[in-house]
Structures are given as C-alpha cells and as structure tokens.
Amino acid sequence: MSDSPGTVYRAGSSDPSASDLFWPGAERAAHILTPIQLLRTMEDFEAAWLDGLVEVGVAPAAARHELMGVVGVRDLDAVARAAEAGGNPVIPLVALLRERLAETAPEAARWVHRGLTSQDVLDSALMIQLSSACAHLGREIRGQVGALTGLVEAHRGTLMVARTLTQHAVPTTFGLKAARWLDGVLDAWDDLRALSFPLQAGGAAGTMAAAVELASDRDDPVEVVQRLGAHVAGHFSRPPAPPWHTNRAPVTRVADAVVRCTDAWARIAGDVLTLSRPEIGELSEGTGGGSSTMPNKENPVLATLVRRAGLTAPQLAATLHLASAESTDERPAGPWHAEWETVTTLARRAMVAGSQTTTLLAGLEVHPERMAATLAGALPGVLAEQRATAEVLGHLPLEDPRDYLGLTAVLVDATLERAHHLLGTPVGDL
Amino acid sequence: MSDSPGTVYRAGSSDPSASDLFWPGAERAAHILTPIQLLRTMEDFEAAWLDGLVEVGVAPAAARHELMGVVGVRDLDAVARAAEAGGNPVIPLVALLRERLAETAPEAARWVHRGLTSQDVLDSALMIQLSSACAHLGREIRGQVGALTGLVEAHRGTLMVARTLTQHAVPTTFGLKAARWLDGVLDAWDDLRALSFPLQAGGAAGTMAAAVELASDRDDPVEVVQRLGAHVAGHFSRPPAPPWHTNRAPVTRVADAVVRCTDAWARIAGDVLTLSRPEIGELSEGTGGGSSTMPNKENPVLATLVRRAGLTAPQLAATLHLASAESTDERPAGPWHAEWETVTTLARRAMVAGSQTTTLLAGLEVHPERMAATLAGALPGVLAEQRATAEVLGHLPLEDPRDYLGLTAVLVDATLERAHHLLGTPVGDL
Amino acid sequence: MSDSPGTVYRAGSSDPSASDLFWPGAERAAHILTPIQLLRTMEDFEAAWLDGLVEVGVAPAAARHELMGVVGVRDLDAVARAAEAGGNPVIPLVALLRERLAETAPEAARWVHRGLTSQDVLDSALMIQLSSACAHLGREIRGQVGALTGLVEAHRGTLMVARTLTQHAVPTTFGLKAARWLDGVLDAWDDLRALSFPLQAGGAAGTMAAAVELASDRDDPVEVVQRLGAHVAGHFSRPPAPPWHTNRAPVTRVADAVVRCTDAWARIAGDVLTLSRPEIGELSEGTGGGSSTMPNKENPVLATLVRRAGLTAPQLAATLHLASAESTDERPAGPWHAEWETVTTLARRAMVAGSQTTTLLAGLEVHPERMAATLAGALPGVLAEQRATAEVLGHLPLEDPRDYLGLTAVLVDATLERAHHLLGTPVGDL
Amino acid sequence: MSDSPGTVYRAGSSDPSASDLFWPGAERAAHILTPIQLLRTMEDFEAAWLDGLVEVGVAPAAARHELMGVVGVRDLDAVARAAEAGGNPVIPLVALLRERLAETAPEAARWVHRGLTSQDVLDSALMIQLSSACAHLGREIRGQVGALTGLVEAHRGTLMVARTLTQHAVPTTFGLKAARWLDGVLDAWDDLRALSFPLQAGGAAGTMAAAVELASDRDDPVEVVQRLGAHVAGHFSRPPAPPWHTNRAPVTRVADAVVRCTDAWARIAGDVLTLSRPEIGELSEGTGGGSSTMPNKENPVLATLVRRAGLTAPQLAATLHLASAESTDERPAGPWHAEWETVTTLARRAMVAGSQTTTLLAGLEVHPERMAATLAGALPGVLAEQRATAEVLGHLPLEDPRDYLGLTAVLVDATLERAHHLLGTPVGDL
C-alpha cells in the first residue's frame, strides 16, 4: 500500500484548503484529499484512461494528450459550483476538459472519458487518494512504533499504579502501559496493511457496455476491454477489480481501519490527559499549549486534539456504513453522494491525529518519581489483592509492589517482539 | 431569531470557501459559517467587547478602535495554521490583533480581549453565525410553506394510491400527502422558532473574575460587569446569558432543531425519488440532472442531494450530544474542540438542503393522470379494507375510490390552517 | 405531562424483563416500556378504542367488553414469535384478541380494532409509555434539583480550583460548579416539559377511511369519527392529533429531550469520576462499589454507569432521526420498524441513568479540605490571570483566591432562582 | 471460527429471552448471546479456569468441581439486580458460586475465580458467544451463497434494466445484479473469516499478578501461569492472547465485520423493496406479510425487517468504537460498561437479519417477463449511451439491448468462481 506513482503532485505550500480554522492541525494532513488534490487525481484518472484507450488500440494515436493541468486550481470553484446540476463534480470536469481540448486536441476531446461514468472517476480518485492517506497513516504508525518501543524499553522497570474505574488497583509498570498503547497501534497497522484500494471502472451501470462498444471493431472486444482495465490499474500500481458501484465494502473497510487508528490514538491521548493532570503529574506533553488569558497554563493541547478525533471519527464511519447499507439499484440516489465528503473528512482528520500523536509521543515526558510517589501513597491498598490471595495459600503478605508484577516482563517482551517485527519490514510498504 | 445586526457582512462572490467540490450545492449556504465569516464574526465580537469596556468606563476612550478588518481574509491561513499551538484559533487571532494595533492604537492593543477567554469568543461567534444560519433555514421554510400550500390546495382532489411497506394500501389524495410533508416542515419551523442563541462571556472559567478585576476601581464592580455583558449582548440583539462553558444545551438544541429540518426535507426527497421512478412517474423534478455518459438520463438530482443531507445529519448531531455529555471540568479537553467543525458542517449542509428543497418544491411537476392510472390499476385491492369493513356492517362494497377518503378533507384543512398562520406572521421574524 | 390515568398498571415485582444482566441498574426503570407493559398498553389502547366505538354509537352496546387481561403475560412469547409474519406484534395481538373473544363476546370480537391499523396501536402504546417514562425522568430531575440546590447552597463559599483542558485555571467555588450541573438539569427539564405525546389514529394510511366507513350510516360520519378520536384521546388525557405515520417529529423530539437528560447527567458523572480520583479526592460517591478480586477498591460505580448512558444515548437518537428522514410513502418499510426497540432502549436507559444520578447526588460526599489543599497547591499559578490583568491597570496583585471570584455569587443566585421556581411548581406536573 | 466446543448448551425452547416483542424475528438468533446463555458461558469460563488451576497444580485436586448449573436460570434476575452494586454481573455471580459451593465443595469455593478479575470473565464470555454468533452468521452466508449462486446461474441471461439515481440507465441482467449481491455477501464472509475471538485473562489490571502469586510456591511461577492460560484457551479451542483490557480492537473488529454483513443484507433487501413495488413487480417475496386491516396486502416483510437491521447496526458499531477510543486507565469507567449490551444487541440483530435474508433469498420470486417489459418500455433511452458511443466510431446504433451487455458474462463468471471456492471449503469452518 505504498503511495501510487500516479499521485506524486504536490500543491504549493499556500494551498489554503490544507488548513482549517476550526480543525486546528489540519495542515498536518498536507495536500492529501484536499479538493485541489482530488480534482487533480480525477484528471489523472481520466488521463490514464485516455492513454489506455490509445494503448489498447481503441482510440487513435492522435487522441494521446497530456491532460494534467488542462483543468486546474483556477477552475476549482467553477467546477464545484457546476457540480449540482448533475449531482457530482465529474460531469462539469469532463465538460471543461472537452471544451478546452476541442481546438488544440480534437481527438483527445473526442475520446476523453469514453467508456467511463462519473462514478468510475470519482470512486477511483477517492481510492487513489485514500491509498495515499493510509500510506501516510502507516508512516505515522511506524514512527510511533519507534517512539513507543523506546518508551517501553526505557520504562520496563518504572513502577506505577494501575488504575481501574479511576481508582488505584494494583502495581504495574509504565513499560507495560506503553506496551498496551503499542498493541493498539500495532493492531491498527495490521488492519491498514490488509486494505486494498480498488479502482472503479464499470461504465454507466457496471457492465462496461460502452467500453466493449468502443472495442467492437476488434476481434475480441471483451479481451480488449480487459486489457484496458489492466492498463489503467497498472498505471496506479494496483490490480484490476470488478465494479463495486453498489458494493461499498471497499469504502467501509477503509473507514473501519482508519477508525481503528483514531481509536488507538485517542486512547493514548486519554491516558496522557489523565496522567498529566497536575494532581497526578506522571506524564506531561513536552510543550504545553497556552491560553488567551491565563499565562500560567500549559495545556496538553496535542492530547486534546487527538481525543477530539477519537470522539468524532466513529460517527463518520457509521455514516459510510449506512450509505453502504442503502446502496440500492445500480447507483443509489443519495447514499453514494453522502460518502465523498464523509470519507474525505474522516481520513484527513485521521492523518492529523496520527501526526499529532507522533509529535506527542516524541515529546512525551515521563515522571517516574511522581509515579513512584503515587504508588507509595497507594500502599497498602494496592497490595490488598495480593494479601487476599496469599491468605488462600497461607503465605505471608508482600510488602514491596515490585514483587507483585506478575507477567509484566513477559507481556512487555511479547509486544516488543511484535513491534520489532514491524520495524524490520522494509520501508516503502505501508 | 432574526439575523443579528452585527453580522451583515458579505464576503465577495469569489469566496471559495462557500463552494465544495464534494458537496454539490454547497454555495447555496452562501457565506454563513464559512471560515472567513467566522473569522470576521470573532473579530466583531472582540470589537463589541472592546467597545463595551470603554462604554462602561473600564477602558479609556482611547481604547475605542475599529477592529473590523485589522485581521482579514489574507490572514486566514496563517491564523488557522497557528491555531494548533494553543488548540484554538482565538489565541493567534488575539495575538495578531494586538500586534497590528500595537503601533497605531496602543490603548486598543492593551485592552482588546481583556476579561474574555478563547471560549467566549469562539462560542459567541458560532452562536451568532448559527443564528444567521437558522434564520436562513426559517426563510427557506417560509418559502416551502408557500409552495406546499399551493400544492395542497391544487391537489386536494387529486386521487392517488397510498403506499405502505411499498405496497398499495388504500386511496388517498396527493393533497393529503403534500399536507403531511407540510406538517413536517411546520414542526421543524416550530422548533427553529423556539431556539435561542446565547452569547458566551464567562472569562477563564465561567466566573468572570478578570472582568470584575478590570472594574475593581469602581464602586460596584459586579454591576459594572453586568452592564458590560448587557452592552455586548445588546450589540448582537440578544439577552445576556449565564456562562455555558460546559453546559452545552445551547449547541445540542440548535443541532436537534436543524436535524428536524433535514429529517423533514429528506422525507419529501425520498417520496420524490420513489414517485419519480419511471415505472411510477407520478412526480418529477422540473429539470432533471444529466449524466456524464448517458444522454437519456433525467435524474432527480435535487431530491438525491437533499436525501444525502438526511443520511448524514443525524450522526453529526450525535457527535454534538456526545461532546455535551463529556463536557467535564470547566472546559473539557477534546469535546469542546470536536464541536466547532461538526456544528458548522451540520448547519451549512442544512442550509444547502433547505435551499435545494425550496427549488425542488417550486419546480415539482405533479402528474395526476399517472396517479389516477396507478389507482385504477390498484383496484379492487385498494378497496379491500372497505369491503371487510362493510361486511361487518352489512353494507354494500364501494366501487369508487373517491368515496373512501375518510377524513382527508378535514385533515388537509387543519394543516392548511397551520400553514396560513405561519404565513401570516410578519416577515423578519424567523 | 403527568402519568396518564390509563397506564397505572404495575407488573408484579418478578417481572424479569425489568432487569438486565448486561445493563446493571436496569430495574430502576421499573416496568415502564418493558415488553409486558407495552403489550398491556397496546391492549389498553384497543380497549379504549372499542369503548369509543360504542360510546359514539358506531358499535352496539354488546361490543363493550373488558379487554384487559384477555391477552396477558403468558402470551408474550407467542405474540412476539408470531410478530414476524406481518412484521409487527399488533397483528398477532389482534388475532389473539379476536380468537379469545369469539365465543364469550362475539360482538367485541367483531368490533375490536375496527378502524385502526397496526401502526395506530403500536405508536400510541409507545407514546403512552414514553409519556410515563418522561414523567419518571421529570420526577428524578425534581429530586436532583432538590439535592443540587442543597449542594449549591451548602458550598457557595467552598473554594476550589477551576480546571480547563485538565489543568488548573483560576479559583472558583464548588457551589458554582454544582450550579452549572443544576443549569444542565434545569435545561433538560425545560425540554421535557415542552414535549407532547400524541396518540396515533389514522387508519390504514392516515385517512381514517375505515372509521368513516363504520360511521357511514350516521348523519355526519366525519363528525362521529372526530368524536371517536376525542373520546380515545381523552381516555389517555391528551388532545387528539392528526396522523403522524410518516412525520416522526413526535418521536425525535422525545428522543432529543431524553438525550438532553443523559447529556446533563453524564457530565455530572464525568466530573465525579475525575474529582474522585484518589490523587484529587475532592468528591466521593457515598458508597463505592467493590471488585471481584481487589478488596481495597471503592469504585465510583454510579458515576461509571451514568457515564455509560451518556456514551450510548446519542447514537440511539441518531437512529431515530435517520428513521424519521427515511419515513417515505404512507408507512415506510424498515425505518418505522427500527424505531420501536431503539426508542424503548433509549428511554429505559435514561430512566436508569436518571435514578442513578439521583442516588449519586443524594449520597455525594464533598471534601472541602481537599479542595482547599488543591487550590493552595495551585498558587500562585491560579492567580496568574489576575496578575496579568492587574498589570494592565497598574494594580497590585491579589494574594487570596477568595478575592478573585468575579460574578460567582451572582451566578449562583441566578441558578438557584431558576431551581426554586421549578421546585415551586405543583407536584404532578412533569 | 467454528463454534467452540465449550458452548454447546441449548436453552429450552421456552427461553423467553430469545424472542422480542419489538424486534420481530428475534428468536431466529436462538439462544446465542441471550442473558441466560451469557450467564452460562460466564459460569463455563469460571469452570474452565478452576479446572486449569487444578490441572497446572496450583489448586488441590479437591477444588475440581462441576460448576455448570450451580448458578442457573433461576438466579438470572437476582444476579442481574445485584450487578449494580459493583457495576457488573460477575461480582454477584462469583459471590453466589462461592456461597453455594461453600458447604458441599469448600475447596472449589475457595479457589473459584482466583487469579481472575470481573473483566476477564465478562470479556471472555462475550468473545465465546460472539464466536458462536459469527459462526451462525457464517452458516447463514453459506446458505445465501448457495441460493444466490442458483439465482445468478438461472438468470445470467435474464435481461432487465439497470437503474441509477432511480432512473433507467442501460440494459443489464438479473444475473449480474444477483452477482453483485453475492459479491457483497462474499466480502462479508471474508471479513468474518479473518476474525479472532481472544479470551481475556489479565487479572486485576492486566499483569496477572494474582495468578503468579498463586503459583509462587512453584519453581517457575511465570511458566505455570502461562500453562494455565494455555489450558483455558485450549478448552475453548483458541490460542492464548495477551490481555486487551483497554485495547478494544477485538471488539471493534467483530463489530465492523458484523456491520459489513448487515450492510450486504440491507442492500439486497433494499433492492427487493424497490423491485417488488407493484408498479415494478420484477421481484416478490415468496410469501408476503399481511396487514391488521387490509386483506389485500402482501407486504415484503422480510426485506422490511432486514433493512431495519441495516439502518440501526452502524450506530451500534460507532458506540463500540467510541468506547474503544475512550478506554483509558487499565479499565475505563463507563466505556467498557457501554460495550456489553451494545455488542450483544448488534450481533443478535445481525443473526436475525442473516437468517431472514436466507429465507428471503430461498423464497425470492423473479419475474423475467416483468423485467423484459420494463426494459422494452425503456427503449430507446436505455440505448442512448450506445448511440452516443457509436457516433464517435461512425457505427450504426444497436437495436437490441441484448447486444449491449458489455462484460456482463465475464463479471458473472468471476463472481461465481469466488462463490464456488467458498462452497468448496469444508463445512465446520466458518
């Protein structure tokens, strides 16, 4: 699930659609899944298709034409505004491509988009960009795994109190706590790796009839169209797939895996928020955020913003499942349209949260002395379970929490092994 | 709930943040709740507060200064990018205001934002803009009530078949069906009218301690601060309210009422989608949308896009309730931050759906002859209930569906009366 | 919104459907909205309707018959299992009523359910029971307002630190904090009070055609049917309402108000959870819960269970809004069916959470000395805002947090006044 | 993912908790995940653990005792009511086990639950039952794949019109439509197969300290405890797993896969609902459901009830993700408690929907003559795309929709191959 070679454009650093006044940190998601980038990716998909039409001999060589940039950033607003008439932005995009090509490249104008339908272009562009987004998430996770591995190793002997239902329970180590964070992140990684991002090419209603029509002068039109599909898929480094116009598992699988990421990160953030309360003080963000009025404040801003993602992501994924469940006919009226901004928002917010978590972990300050003090203050209660157990056995009660750590060391090792396995996989793969 | 006098700015028509490639029709929400408009509204709130500080005699007359435009569209990206450090955009906005005012208006620089906290500015700006958004929704509803009243009156005698669980049930009229749509819209109107949009002014943690400190040289600082609150509230034509930093009912009430609107509209859209299926053909959108590949298509695009809103709005409101339920401490870490973009998106999408519904209703074509044909084809089944009932009474069965309409006329009249009552209320109020 | 006189049945204390292994505390919701109670309420509605048919002279006097108990608890499982065939439980209920009445009361068997449709019975039963549920919520709130008023008054001078984004902010009082909880509860009360719970009586598709047919031998059948509707509505002490088969605002309004309750309670619970952490220790549940293995534990169990409700309620309400948005035709295929268990679960969980919150508040232990200690430890940081403000004014910094409480007293008084107003309203009303 | 051997109990057929008045069809989920079955499974897990304690030599042979039935159906209500005090049902269950065993089997009473915590028992019981639930879903899917394969093969040449945005698009076949349904179901199967259902055994806070304490007289206590874990896991035919007290991916993965099932089924149901509208009439449920008042009705009841599941499942999964995201500390206060009934409800509803879909597909009636008639009526519009394409090529337009089916045959074959592969996998596996 590496970045596809077809999507290496970079918007200028002044792309305003990458920032968001009301979602602080949005620019961390960079130019993936921004409107500008999605417009370009749709154009790129049309270009690959046009190229394929020539390649398999359906369209004449004269139809080959560089499409990229024919429609560009300057047209974004106009295309967006024209999208309502047909219900999606592909219709005005294709119209504009044809209009602009008409004089200089009439054969390209004639052949562009032939055999496709709007949904092919839009779904494919989303999948290409979601693939980049998930590769981005994977890179963040790789960084986090490195940071967490370091925390686990450094603190495998750092005693602290375990808390259940907010109260002191039994002794544990910060190493084990961080190992559990790491487990969550590794689980998310496993799910990201399992994703595929199929392109969509089904024509008007999933039969590819127009494409076969285009090849109808050839000996084996079906075979020609299959080669066309393979050519376009290959351009984006992925295998051909059957049309999934109304089978939205590709979308919901991405959504679910992405929410698994935000779940894992929000849980880390939640622990940081609790443990950096001044009364606890066992963790702190390296550089806390300020206040507009209180000079004293050092707020755990990154943890706050990561938790925000965890609170909002599940409902976005629910919307995508609903759209999937209601995807009737050969293209549904509404559910499909509900997906675009929902999945875009979900993935961009996850990229932001992932990056913020990486920063958070990199700068996280651990205060073993505060952990030790809390644990000391929690005695003898935190050994009450041991005492009750010892009674069954006729043993003497333990005095030192260090002697009541159970399988902690073994569990930490098992998680570290999982992590080292990931870190040993070659860079470039997710 | 009229538009507040403080918010009559209009962004230039080229405001790109009003359109959205992946939410066709977004520009119908115009410049309400766009990032640019929210930045301006925050600036406006700071301006009203600064003005109030002078007015009640806390700040010197020299502090009075026109703030509007000191920070503007050109700064949007920079403010957005700087927002992460403190977790919200008000901190960099205030810093920029102070910096820009420092030389030319040092007293204004000194006094701006004194007594406030970020949440005051952000919550107030959202409420001011949400008020405009709901006024916009109210205007759409007024238009819809007009259109629906026309449909009801024109078709009170237009027979059609009622459908339950997709199957033909008994006779009804299109007038009654449209009256039921109208009921839904009127219910939404009632809920919009009941809303209030309190400003937020609580200072750092809801005690207004800084403001009272500012007035501490005065005889009755508490009274001075209360006058200050009243002055600012008055500037935006609304009553003062106690701080609601962690009591988020004002937000969830708006959200719930807005979703009631999208519910009502999506249900109309759903009926249009069904009844404009070619096999049924009893309704059609005046101007259907096209396809990127099929010249034959006349898609019910508006209904499709309205239904989209109905499928996505409830989960956004759920997120706001969750944020409300988790609003702990005197300002929560995450839940508050999750609200801003969620409520903004919800309200903007509702404005779009409302406007699209108005257009849809204005152009809706009713085909009584198709309704009559369906009903004729549904005989005698649609009179089976009548037959069973007649049997109990020893009556003869009816033959004409026109004789089996029950209370239809009475029910239509009752709804029309509700509608005329609304249409009789003066324009300007919601 | 008092309990309707028609619903004063009480299931025996052994009604197992009132408890729930996996929702601890479920029995606090007592027998409201249990399957047994809903079966009885449906039977009661059929009884009132049958009585009305006789009363307005449509059915003969011989049709008058006591229905209650004809179908009872013993039939619950059989009715439930038979419900799938027609898609709802009313169909087998009516069949069973007719079957059982056939011999002993043939006229009652003949007339029962005449003029109604399944949806009339089911929607009405839900509304009657939801009315009881909301009256129950209202009684809990009344109790909470009493408890909270006591807390506010007792602690208006109890200093503590205000916390924002988890960190110490400025001084406040526990009285103000409790007043803010109280505000939330009062807002929920206002929303409950505004609810209405219309019965449903529209016949097969909202036209009441069968009922009018039944009255067709009378001079003014329409008037007779209107009297019938009024009679039945009166039996349940509520006004007649037009059919709302596909206009689901009555359901979503209840849902939204109920979630406003769980929001308000979960927020209190969240504060209790934080402040009863052993490192903070400013609050504690009177009687904490134990552990299956750790004798030391005193868990804030009630707060835990109340927060649980806050985390689950919003998504249930979202489902009801979705059902509303998709309520097409004259009775939708699926959305209506999705409502029954969703709204039932939502309301029952809210009753549980409300009762648990009442218990929690009644037993809440406040530890002013811990609050004072935290505040002392937070100096001088918590006066940093004051210092910055004083600097602007050229004042000396304050030393005592007691001097930096701003409008606290005024705000507390305002909320107490709201509360006393509620407590002064006669019992019996919501 | 076969049924675990430890869970082959069957409640008597009169288990009322398997039916549900307000979720028609609930009894199709049989006795999986009912309160009674969950109580038994918790008891079974305690039994396996007790057995393991003896097996690895920690507890004396005298502790070995048959636990099943010590606490039973008769205790369900009492255990449920006692659950609130500690916040979960395991605490009273263990207390009751100890009390009942005290006289007759004092060693068993002494050793039962030693080394465990409530969460171990509850999470494990849920996972064991969820495993059965997913095996049930898998069996349904296998049946559906058989039925769908039959439909696809029978109708690969059955022409019909494809519909996009509700309007006629181009020709297709019912075979391809059914193949797309089949793809969705196969995708769901793939996701079910990928699930694992780890047991939970972490002790008080995930360190297994009590278990290690119990083995502390042995040479290698850690190794003994690992053998204990393996023994218990083996009893339920699954591999040991590290504690996942606060890493809830195991729960959310099940939830996501289950929702993928309901998505796939709801989409089939939605198509059936549309195509069985009388005006379209291309499909019908074998045996439609009746009405309480209209003898004419043959409602598509199964499709209605399946769609209901599709509308409600996504929000339940969202709740589970939220709980996961908020799973802080070593056991969270509220999020964990929110999971139990949510995941139980989700899985039971899915079992119902799966079974209903199987019945629906088995009885589905296809009406090729109506499909042909619709297609004929849709000419020449449905060939407009072909005409436009032909024009580009200078071809003559086609007249026969049969000539415009593109890759339909190839796509159908590819899906059938997927299906035959599944049907060829041995029964017993998921």
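Order as written gives the chain letters A, B, C and D; numbering starts at 1 within each chain.
FYI, a residue touches a chain if its C-beta (ideal position, glycine included) is under 8 Å from a C-beta of that chain, and two chains touch if they have at least 3 such contacts.
Please read all numbers here as calculations on a predicted model, not as lab measurements.
When the contact pairs of A-B are matched by residue number against C-D, A-C or B-D, over half are shared only with C-D.
Seen from the C-alpha centroid of subunit D, the farthest chain centroid is that of B.
Centres computed as Cα averages put subunit B at a distance of 38 Å from subunit D.
Here the CA centre of subunit B is 26 Å from the CA centre of subunit C. Subunit C and subunit D have CA centres that are 30 Å apart.
Each of the following residues of subunit C touches two or more other chains: 87, 163-166, 169-170, 203-204, 210, 273-274, 289, 291, 293-294, 299-301, 304, 307, 310-311, 315, 318-319, 322, 326, 333, 385. Listing the residues of subunit D that touch subunit B in their complex gives 163-170, 273-274, 276-280, 288-289, 291, 293-301, 304, 315, 318, 322, 374, 377-378, 381-382, 384-385, 387-388.
Against subunit D, the residues of subunit C that register as touching in their complex are 14, 16, 19-27, 35, 38-39, 76-77, 79-81, 83-91, 94, 113, 116-118, 121, 203-204, 210, 269, 273, 289-294, 299-301, 303-308, 310-312, 315-316, 318-319, 322-323, 326, 333-335, 337-338, 340-342, 344-345, 356. On the side of subunit D, the complex with subunit A involves touching residues 87, 110-111, 114-115, 162-166, 169-172, 176-177, 180, 183-184, 187-188, 191, 194, 203-214, 216-217, 222, 225-226, 242-249, 252-253, 256, 259-260, 262-264, 266-267, 270-271, 273-274, 307, 310-311, 313-315, 317-319, 321-322, 324-333, 385-386, 389-390, 392-393, 395, 404-408, 410-411, 414-415.
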